[in-house]
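In what comes next, chain A is part of two complexes: it sits with chain B in the first one and with chain C in the second one.
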Partner chain A sequence: MIKTTEKSVFKLPKSLKAGMKFPFCAGCDHGVAIRLVAEVLDEMNLREKTIAVASIGCSVMLYDYLDTDCVEAPHGRALAAATGVKRTNKDKFVLTYQGDGDFASIGLAESLHAALRGEKVSAICINNTTYGMTGGQAGPTTIMGQITKTSPNGRNEEYYGYPIKIAEQVALCDGTAYSARCSLDSIANIKKTKEAIRKTFEVQLQGLGFGFVEILSTCPTNWHLTPQESHERVRNELFQVYPLGVYKEV
Partner chain B sequence: MNYIKLDKTRCKACYLCVDVCPKKLIIKGSQPNSLGHFPVEFKDPDNKCIGCAMCAMRCPDIAITEVVKN
Partner chain C sequence: MTKTLTTGNHAIAQAAINAGCDGYFGYPITPQSEIGEFMSKKMQELERAYVCAESEIAAINMVLGACSTGAKAMTSSSSCAVALMQESLSYIAADELPVVLVSVMRAGPGLGYIYPSQGDYNQATIGGGNGDYKIIVLAPSTVQECIDLTYKSFYLAQKYRNPTILLADGLLAQMMEPVEFNEYPYPEISIEDWALTGAKNRDSRAIYSLGPQEDRLVERVETLFNKYKQIEENEVEFEEYQTDNADLIVTCFGSIARNVKSAINQCREKGLKVGMLRPITLYPFPTKKYQELAKTTKKFLTIEMNMGQMVRDVRLAVNGQVPVEFFGKSVGQWLSVEDIAAEIERLNS
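This part shows the complex of A and B:
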């Protein structure tokens, strides 16, 4: 009889609550992003000293998934709350998990000023080019020509203006130590995203400054596409507007 | 023998794992789960699974809870 040694190459991360289930729509990349955050927290052994700050949007229930301490911030104010948490608890690890509407529309002032002040926190922004939870309205990152509930003829420059490129804007701030844009459309990009999240956490631990990663995600329900077609759209349309890459690294 | 552990109560039938499996061992199921979706099934009669864990990495709902490699 051949003796075999079984080895687990993939397991549920310990930083996720036991028995929790994601309530997201089928094919939504939020689940992948939260799992990657939990995996990096596990690998860097940060679970016991982490205080996560949740935002409003599909990311609102973060405290139901992550088995860490968690604060719920008002809409857009996750980085303002994170600033207070970090300044009063310098030995803790503070991260925010926000959507694009929360980070770049309602909370743009809080977000950019946290980057300008060089707050030693890590921010993760999920960009799905729409307001997912409220029903698919046009957001600050909605790309030109995209049809949403509030732009039924497609986004045009004379009525709606232009989309914001968050990773580039954050990279322009002097307090930023790391700013990158990643995607979750393929296995290769999922692995790159995990490395970017790790780098974002490392700059906080080293005290270099503000760490930021923007993750291109999908919203199959509000894009009215299948999960497979949504990833095709990310590759074919979003990559032209939002090129992947590291925009700042000190 | 390499294999995956599938939690069918978590599967929402997005079928993203069906596309990424290099050996095409994950197929669309025919029995609905408690969510009303038709979860995927893992069929590997010839032990072709290479334990790459790409299906688990792709799954947005962590329905593939463990990948075991020998």
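This part shows the complex of A and C:
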């Protein structure tokens, strides 16, 4: 006689809403990143004291996935809103989840000043080298030569100038306690990303300063690549421009 | 109670502290920088939140974040810098957050100058943000009212969970008057059923304005407008001065009312039947009061330190029942008591 035992091998983190479905395109890394955030919130037992700040971009409906309190900030202003939340609620855990356009283009002032002030908040920035939500136009992180809807001949210095290295810039700020760049292109890198997210959360809890992680992510729809090809692009093209690593750790 | 001699700016700042303001976020601009300076000292002494924001855009969004947690938070600014906040004011109205913004007008357009002016009546009452929304607007005309209406701004913002603007000008902000700092006279409003305090022993909450589902958006805007109706019914405030049997009613708001009153006194001595109606709430506007007075008076004269902004609301309220004239200059110094009295006499002759 065969005995069967049931063992749960996969379940949703408690910090994700039961029954929620990510609406992201096939092969988009946003869902993986948000799941990692939720797993770390669970593991560090932070869900009940978290106030998350949603930004404007593909991840705008963060409150539909994360089962924490959440406020939406106007485009680019997530870290200003997070500053207001944290300064009036020092006992809360405050987190922003932003695209690279939100963080480093329209919101660059808010982002860097939050880092310079050493705000005790954690910021996660998804770098997919384009404005995903508006249909794939050239953004601050679009790499040289990249073709987008507004760089039909590829990014060149004459018309567009140069891409921003976000994790390096954040690391230059004296108020930053942790700044790293990670990727979601392989199991190993996903694990490293999770550890980096944990670290950004820890520096907040320890009151050490601003915690930041930039996550290189895919946008198959706007890159016009398959999910597999998209991760190959991350490895073959983005790693050279945006090297992975920890840029600051106090 | 003892009287203290103080400026409008300091009166507003101290009143905000008395009202229990938990966080001040701001960026300097004349003629209201003393509010931020005062707050930098006092808020730190009290261990409350204070941030020198990197811009007014950052400041208003810090206030947005703070207020989403139920904190009492404010910013203060002026004209071109309040213009920078318009997108966020629309979000804040949509999110129903109890934000207090002190707007101390300078003369515009553009950079203009720091002269007293009332050129931002439209900016405050109509606003430059997107979509259907309304902001409560209170206009003091004395330094004492700067205190009383700062208290009221915090109260109304909390009561209706609606952004509220205290609309002052450079004259009020900079001049000193003897005032009484009475205590914050309003009840505290519970934030328990909506504020973001962490999802402990309750479902998680979200505050956002995005509405991809058409019915949700329509429903939400209707909810907002039902609230605005309540505000219009319950919160109208105005000052009436010698309006009984007045053939001419001068109407104005804010600091220029001081000159208007003096001019009315002069004209009354000469036997002219003239009075004044001063809206204190610019939104909600005292429409009914104008309609009532239009039945007995022969004419309205709107006087503003601008080229004619509130006069449109007066005309809409009066709705053609009697003529509504306008007299104004874009900068306040050019509207003396004598100028105003002369205009009143001209219209009476």
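Quick notes on this structure:
Throughout what follows, the second predicted complex is superposed on the first by the 240 of 250 C-alpha atoms of A that agree within 3 Å, B and C clash if a C-alpha of one lies under 4 Å from a C-alpha of the other, contacts with A are read in each partner's own complex, and residues count from 1 in each chain.
Following the convention adopted for this analysis, contacts are C-beta pairs under 8 Å (C-beta built on N, C-alpha and C of every residue); 3 or more make two chains touch, one makes a residue touch a chain.
The model shown is predicted, which means the values in this text are computed figures rather than measured ones.
Contact with chain B, but none with chain C, is seen for A:T5 once the two complexes are overlaid on the shared chain. When the shared chain is aligned, chain C comes close enough to touch A:D69, but chain B does not. When the two structures are aligned on the shared chain, A:I51 is found in touch with chain C, with no touch to chain B. Applying the stated contact rule after C-alpha superposition, one finds that A:A109 touches chain C and leaves chain B untouched.
Look at A:I187: by the touch rule set out above, it reaches chain B but stays clear of chain C. Shared-chain residue A:C28: touches chain B; no touch with chain C. When the two structures are aligned on the shared chain, A:P227 is found in touch with chain B, with no touch to chain C. With both structures placed on the common chain, the touch criterion links A:R87 to chain C but leaves chain B unconnected. Within the complex formed with chain B, the chain A residues making contact are 4-12, 16, 21-22, 24-32, 35, 187, 190-191, 220, 227-228, 231. Contacts from chain C toward chain A in the complex involve residues 22-23, 25, 49, 51, 53-55, 57-59, 61-69, 71, 73, 87-88, 91, 95, 196-200, 204-210.
Only residues 17, 47-51, 53-54, 60-61, 63, 66-74, 77, 80-89, 92, 109-110, 113, 117 of chain A touch chain C when the two sit together in their complex.
Residue ranges on chain B touching chain A, taken from their complex, read 1, 9-10, 12-16, 19-20, 37, 51, 53-54, 56-62, 64-70.
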